[in-house]
Amino acid sequence: MSEKGALAGAGIWKRAKDHNTVGKMKKVLEAARKAGPDKCLIIHSPIGFREGYPELAKTHPGLLKGAEEAGGFKKGEWGAEITDELKPLSDETVLDKRRLCGFTDTELDGLLKNLGVENLMIGGFVTNWCVEATGRSAYDRGYHPVFLKDCMDAFTDEEQKFAEEKIFPVIGEVLTSDEAMAKFL
Amino acid sequence: MSEKGALAGAGIWKRAKDHNTVGKMKKVLEAARKAGPDKCLIIHSPIGFREGYPELAKTHPGLLKGAEEAGGFKKGEWGAEITDELKPLSDETVLDKRRLCGFTDTELDGLLKNLGVENLMIGGFVTNWCVEATGRSAYDRGYHPVFLKDCMDAFTDEEQKFAEEKIFPVIGEVLTSDEAMAKFL
Amino acid sequence: MSEKGALAGAGIWKRAKDHNTVGKMKKVLEAARKAGPDKCLIIHSPIGFREGYPELAKTHPGLLKGAEEAGGFKKGEWGAEITDELKPLSDETVLDKRRLCGFTDTELDGLLKNLGVENLMIGGFVTNWCVEATGRSAYDRGYHPVFLKDCMDAFTDEEQKFAEEKIFPVIGEVLTSDEAMAKFL
Amino acid sequence: MSEKGALAGAGIWKRAKDHNTVGKMKKVLEAARKAGPDKCLIIHSPIGFREGYPELAKTHPGLLKGAEEAGGFKKGEWGAEITDELKPLSDETVLDKRRLCGFTDTELDGLLKNLGVENLMIGGFVTNWCVEATGRSAYDRGYHPVFLKDCMDAFTDEEQKFAEEKIFPVIGEVLTSDEAMAKFL
């Protein structure tokens, strides 16, 4: 995420700046750090492909292949780095992902199940893609997704509104970061 | 699916009748049967819960719990039966599901991977829920989803349009049943 | 399982008769039925392939391909039927499997996780294959496997002994059916 | 793996030295590097737990809990480091695991499926545990496991022999490193 990042062209960066989305994410992150890991486990789930995009070798056209063609989200390069304000601490869990859904081919489900986690507060970019895919899958796997509506952005207002009003309430809870911190942290 | 089914109250049944959705599904099903299993494997994936809904024991509120509260989708009762016009033949594959996504906790991925399947034509009810969840997951798992836009229905025109225009084209192909039959069968 | 079944040639049927293995399984099954589903969920997990063995289309040589070549374990034929003495009641859970491990491509993990199950009493044929594969995977997924050592058989005494003494105690508990019934039912 | 490592007490280190197991692994690793990633993808799959062993929070007693109690296999400490002779190059794939089977809760299956990999040469410690668990699961998922019998060690000769003679040939191929290099690299 930056002015020159793979998502910048799609307008997400400008929208996130206008909405102070990263600032709100940071507030939740700090509250979670203060609450401690027994109360709230922090998981960073950045997308990042290996050199040569082997994870997309047989993937069909679509959003992920678009990232490959744009040369974006390469692990170890700044395009896949987490922005400084949200940088993981050394003892926080980072689960690299290569798909839209954070559960696909990652340790996420095993880790959460083993810890007995029930509620999953979710924020990130882009609302209708990685965020929604992860939230839908979380619900199917028995978790309660809590969508932090001011800690995410879509490509357009229409798409953000659709997810917030039509999809998220049917499978989980939709809260502002302030509401979520008051309730869960 | 019927006038008195669990989804009837939500208006899907009326919409499906107005759009002749089941009639179009039937046409694709018959073309697939004619093409034969080497060209096109037919998989029926109805939702159906066991007596007492044990699969939802720890599931959080939401669409699935709503089905339980309404007493709908009980396996072996008519509410979970596939409508007569689309009834599976005895040698066709039926994969019962208990979640929104057809891949969650089913044999679907193992079966498709083992057969080397690439394209997945998808129809069914409800567009933004089971259909979209399955299509998103199909894309993440390396398949090419082909959304049969006249073989599915949403609760409202707005929701159907959103899936067709904003979501499906980004992860797969959106075709009418006639276009899909011409291309794949 | 029968005198003429796919496993008969391998000597399992004779061993099972000598050991009264099915009789002991039946005793546990009846105790579990009496205990009721809130205390003990009964899951039958027979292996059974579809017509033409599509589930093995791309499978490499080995035990499963051997079953295909022998024409064994075809769903709907007697070779894949559960023996009369252990026949599932109509309200009991049957999860067909097509692999050695009962978790691979089945609903098993989702169902157990959703119900909060912790202990998994395991019996069946063949000790070092389906039984052990399922037990190993159960342990990896966070369950406590309880191996009912007189409710299973291997091809030879040496193999049964190896599993009982070297493998099972390292990942779970090894009990006779009487001991397990006293402890868990 | 070292004289003072978590597995040393169990005698594996001494056995590996006696058998020059690491030397043979190194030879295969170098041949695979020379063959290049298009012919042979190298995957290092070390076990390594996070601080506090959160991945084992609800795990039942057994081999993994034993590792926790011994304070072994902590990621970032030398006990979970790969020995110098086999150290991954910066562009090689490292998939941390927290279970006995290398497929459980990792990206392994997704990565291999996406690349269309068929044959899986497997070596490592301990033969009957991580190696066998991974090989069994590989077979169930449709891969062809090739067990490099001189690139692994068990706790005892009896256990190594049992895996080599009774288990591995039934689900895959058992080769010396020289035979495997001649056939696959």
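Here are some notes:
In order of appearance the chains are A, B, C and D, and numbering begins at 1 in each one.
In the analysis below, a residue touches a chain if its C-beta (ideal position, glycine included) is under 8 Å from a C-beta of that chain, and two chains touch if they have at least 3 such contacts.
Model, not experiment: these values are computed from the prediction.
Any chain bridging subunit A and subunit D, meaning touching each of them, is among B, C; the list is complete.
Equivalent interface to A-D within the set B-D, B-C or A-C: B-C (over half of contact pairs identical by residue number). Comparing the contact residues of subunit A and subunit B by number shows a mostly shared set, over half of all numbers used being common to the two copies.
Taking the mean of C-alpha positions as each chain's centre, the chain lying farthest from the centre of subunit D is B. Between subunit A and subunit C the centroid-to-centroid distance comes to 40 Å (mean Cα coordinates, whole Å). Averaging C-alpha coordinates per chain places the centre of subunit C 27 Å away from that of subunit D. Note on chain placement: the centre of subunit B and the centre of subunit C lie 32 Å apart, centres being C-alpha means.
Residue positions 58-59, 99, 104, 110, 113-114, 141-142 of subunit C each touch two or more of the other chains. Residues 110, 113-114, 141-142 of subunit D touch subunit B in their complex. By the touch rule above, subunit B contacts subunit A in their complex via residues 58-64, 99-101, 104, 118, 128-129, 133, 136-137, 139-144, 159, 162, 166-167, 170-172. Here subunit B touches subunit C in the complex through residues 37, 41, 50-52, 54-59, 91, 93, 98-99, 104-107, 109-111, 113-116, going by the rule given at the top.
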